[in-house]
């Protein structure tokens, strides 16, 4: 059933892209970015998943050739990615708040002083 | 794109230039060209008609009394203010002004462009013993029909005054006021209603214009 | 490897990175209270940042001898955890000539910009925080280029994107700063996500994140997933390099950011993207068919060159114009090794723009003018930068562009591919257009009439001039000694880029890739020193004659009205302000291209959704190209 | 040893100052402009100025007062003409005269392409430094003219590089001295089919590069007061006039060197005369004649003309060269 | 010797700058006529310059209207030395038929030193050539004195 994970993550990423491209509200854009991030996180976690594997927590003595566990590296990567995603969301939300203060709107079609 | 001048340019390259090589070769002006003014002071009667008709205000005169009490008149033409329209020459009854074909009119020093002439205008004596110098000189200078006008129509009805100033023949005069309008010195006053013809002798310069213009030849000099 | 000695140069790469992060930490820990000194509101924190960047630069310079000249590849395993069972377990720094080349550029730009910042940022508040972000940005980029681990590259990309976005929005009062930062954040985030996706796809295939190991594993095991990964990585790094179609972000970000940060965005951030793309094409995916890939890069480069230079011609703002030029030059960088010169002259130009902004408070080309009388040094420095970027002979831009023309035409002839010929032509024409737009800038900003409100403008402080002077001197020197510079820096970097085998083996992995011999064939000749010598003799001769012949006969004036005499001639009018400049200076050119310009203007709509759409489309196209062509 | 270095130095100094350098440029350039002015006058059915007229103009201007406007940036304003002139003279040094080149092997055609920008750039900067709005308009037009000329010039030079490279078997040849040597050995390039459109295109570029009719929009004295030179007077203006003269010489001799490099006898002195005669012919045809038969174009027409007609010709030549014709 | 050369050259290459200070265009047409193939003053080295900075001889036509006076004087000031001011036609010398008008400031000689007056309304091209030749001589003298 791991394919379902891949399809889901693909769907999430595309949904994120779709939201960013088509929604003209800044908050929705930020949501789209988060959704896209979650899709990638799901993809990473799924890649490291081994059906039936245990958690990769061992002491040095327990680690043998026969140990069967999920790949720990993607989990570490996901952790990093989640942290980064949270930072990005926080940052973009703070920018959105400041933009709403100075532009008085959240419509991207009106926030286009820089163009050409 | 087309270049209509290609043929032109090539053919001109090998033909003689059409330049007027002026400073090296003299280049006479056209016969009727109106250039530098020549003034003949000896015929001038100081009627100032030229000054009145000059559009550019180029003609001026100064007069100084000499010891005999005569006026020494200097008439000057400022070429730098002249439009070379020839009106002064046209209006000059004595033909003292002439526009020549000379076009070399370059002023560097002050006065280079001033054409002037000086003549003596005899003071008017009340009982005039003889005609004024200027009208007398005129026929001698000008050989032609022009001076004939003042002399020919002298009618017996009224005697000439002898000092060159006009006298009216009331029998012929119709008080049309042409003479008054044409008088350069504004010496004549004519009233059509009252039938008055009056001459201010102090203003009259004895130019003869009135006699020239009179349609009825009612003025004698 | 012996790590007993702490001054062993093998430690230097990590020192170079850590010193910057440490600087960021100390500045952040010292609190945000501004100092009382009006000339340096950040107080000692500015000096910390300066020392950190200088130290980092010194560490990297010390590496020139072993890496550039000795040809060594430094492999540094964090915590001495190296390879176990044929797999890289630890996190590695790998410094070969290519990495060091970029690292040196970055460290130089960062150092110069730090020197500049001290006096430049006096008008701002929250300057201590500025230095925190500054050091983070510098450390992030340096970490990216020195890293030997692809996931670390991603982390560093995120750090630098984050710092760069924050710095872009740093002057929140500046027109459009928030907007620019947000656009950059959205598209940059999409790029980072693409990088992460690419990384994870590679990991899923090869179960390693080490660059060298990936390089040794990928050849021969090419499949669609690898191609997909490459497409994702390529798009991710091109958002960092701002190449077409991501150039509007660069224009926005450069225009809004403080000039010292524009230098970093242009000279450092874009280089990180370029570095990423180079690493990918030449290292990981070399066996995918280098020719096709090069063709794609060169194509994108040419499009970037031309589109951005024409966009620059239409700009009304000094910094936006420079931003578009920056990307236009990145096009050259993609096509060949133009990177070093790009960092130098672009940095110089942005610093000059910053100097103008610092003194006058605007960068609008239509409002400025005649500053050369008030700011002569800045003008000279700007002109050096402008000549360099337009490739006027004795300066460095010419040397590298000249190599580009030779190389691309040689390539066209060798491969018989007429596309490369087109590249040569586009590159040459673009260079003239670049010159045109810098003529526009010099006419609009530095020459012409001085507006009334700038009567009291002064020359910028010495610190800022010093920073510009360093870059200008480097521009001149690298232009005059192109062969030495090539031998010292560029050639090792180029060789290292092509020579994957030794990179892999020095990391302790096995590879079947043969060592590639890179040779530089020059079809033409160019000896700048001799040329300059002749020019100098000629100029000297002319000048002597001129001076002896009282060339400047000002003393002989006989006019009473000296004032009116030395006024400008306006058809006799009084001296009114009448400056010819601004965006429409090259009407004759733009009129013929008006449909193109109208189209481009509509295309660059400024709506963030459109830019995101471009990113998605670019990703889709990249995937399609990879699947079909490779 | 020291003596030979000294002599070598003296020889090079002589090159720079006398033969292909300053004195030669000064005399020949001025003479060419004089001939040009005379010929144009004759084609317009005028007598025209004496052939030595440019010399008179030059010396007269040298004796005039130099006015540096108060609004101008003094150093740039005064140095710009000198830099432009020096750069032009240096280009002249690189152009071979039938195999003889004072500084052979120091530059190739791409360098020449860029060096040709320097005099124009110097003029532009000087104009910008003068602060005059007329100069502003003039420099904008000059820049557009440069952009316009650049594309055909690039295409022509690439075609030459390919043609010579094909013939020499190296595939490519950028070096000027190599091109000259090839022509001396194998006859002029004009004899090749692919080079004929290139020569025509290059000839069309000459009036644009030298800023003569009908492409003199940048210096349109009747509309924008001499454009770039609006504020120049006295000796700096004289130097600009001289630069223009030298540029005529440079462009025509480059044309001769690139397309008629095989003409000559092998004796440098005689070849110099022959080359100069060819330069005169080129000037007469491409500058004087064109001047006489055309009227000034608008700047956007200049651009269009160069990027369509002339570039088209150059492109044909490049395609022909590509297929080895 | 060099000084001599410059003085000689000055006489052989005088460049004109033409100012129209409200002229009726009669004189302007004649001045242009002087440049046509018929008279071709270029054979004497004359040339119309586009900017006063390059001129030796300033030719003023027109009655120097009040609005143009300032401009004329400024332009004449901006001509580098040695220079020569030539008035052409009657208007700038006296005002001609416009004399006495509230809007006419002629003669020009009230404001600047005028070297040569060319009389005529409009002057014949030959007269212009004469006048310019005189102006050239004056230029040469001035050059010699500098």
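Letters A, B, C, D and E name the chains as they come in the text, with residue numbers starting at 1 for each one.
Operating definition for what follows: a contact is a pair of C-beta atoms (placed from the backbone, for glycine too) under 8 Å apart; a residue touches a chain by one contact, two chains touch by 3 or more.
Quick caveat, the model's predicted, so the values are computed rather than measured.
Colleague: Going chain by chain, each one touching the next, work out the least steps from chain B to chain C.
Modeller: Minimum step count, chain B to chain C: 2.
Colleague: Name, by label, each chain that touches both members of the pair chain A and chain E.
Modeller: Shared contacts of chain A and chain E: C.
Colleague: Looking at C-alpha means, what's the farthest chain from chain D?
Modeller: Most remote chain from chain D, centroid-wise, comes out as B.
Colleague: Of the chains present, which has its C-alpha mean closest to the combined C-alpha mean?
Modeller: Smallest centre-to-centre distance to the global C-alpha mean: chain D.
Colleague: Measuring between Cα centroids, which chain is at the maximum distance from chain C?
Modeller: B
Colleague: Counting C-beta pairs in contact, which comes out ahead: C-E or C-D?
Modeller: Pair with more contacting C-beta pairs, C-D versus C-E: C-D.
Colleague: With chain centres taken as the means of their Cα atoms, state the distance from chain A to chain D in Å.
Modeller: 62
Colleague: Go ahead and note the Å separation of the Cα centroids belonging to chain D and chain E.
Modeller: Computed from C-alpha means, the inter-chain centre distance equals 35 Å.
Colleague: Could you put a whole-Å number on the gap between the CA centroids of chain A and chain C?
Modeller: Once rounded, the distance between the two centres reads 30 Å.
Colleague: So the centre of each chain is just the mean of its C-alpha atoms; given that, what is the distance between chain A and chain B in Å?
Modeller: Here chain A and chain B have centroids separated by 109 Å.
Colleague: Please set out, as single numbers or ranges, the residues of chain D touching at least two other chains.
Modeller: Expected reply: 41, 44-48, 62, 64-67, 134, 225, 230-231, 234.
Colleague: Return the residues of chain B touching two or more other chains; collapse runs of consecutive numbers into ranges.
Modeller: In chain B, residues 17-19 touch at least two other chains, as defined above.
Colleague: Which residues does chain A have that touch at least 2 chains other than itself?
Modeller: In chain A, nothing touches at least two other chains.
Colleague: When you check every pair of chains, which ones turn out to touch?
Modeller: The list of touching pairs comes to A-C, B-D, B-E, C-D, C-E, D-E.
Colleague: Considering only the defined contacts, which chain C positions touch chain A in the complex?
Modeller: It is residues 151, 155, 158, 162, 165-166, 169, 172, 175-176, 178-183, 185-186, 189-190, 192-193, 196-197, 200, 203-204, 207, 209, 248, 251-252, 255-256, 311, 314-315, 320, 601, 604-609, 612-613, 616 of chain C that touch chain A.
Colleague: Write out the stretch or stretches of chain C touching chain E in their complex.
Modeller: Spelled out, the residues of chain C in touch with chain E are 556-559, 561, 564-565, 567, 569, 571-574.
Colleague: Note which residues of chain D are touching chain C in the complex, please.
Modeller: Per the touch definition, chain D meets chain C at residues 13, 16-17, 21-22, 62, 64-71, 73, 75-76, 78, 82-83, 85-87, 89-90, 93, 103, 105-111, 113-115, 117-118, 121, 124-125, 128-134, 136-137, 139-141, 143-144, 146-148, 150-151, 154-155, 158, 161-162, 165, 170-175, 217, 225, 230-231, 234-236, 239, 298-300, 302-304, 307, 318, 322.
Colleague: Which part of chain C faces chain D closely enough to touch in the complex?
Modeller: That would be residues 370, 372-373, 376, 379, 383, 391-393, 398, 402, 405-406, 409-410, 413-414, 418, 421, 424-425, 428-429, 432-433, 435-436, 439-440, 442-443, 446-450, 523-527, 530-531, 534-535, 537-539, 541-543, 546, 549-554, 556-557, 565-571, 575, 578-581, 585-589, 591-592 of chain C.
Colleague: Which of the residues in chain D end up touching chain E in this complex?
Modeller: 37, 41, 44-50, 53, 55-60, 62-67, 134, 219-222, 224-227, 229-234, 237
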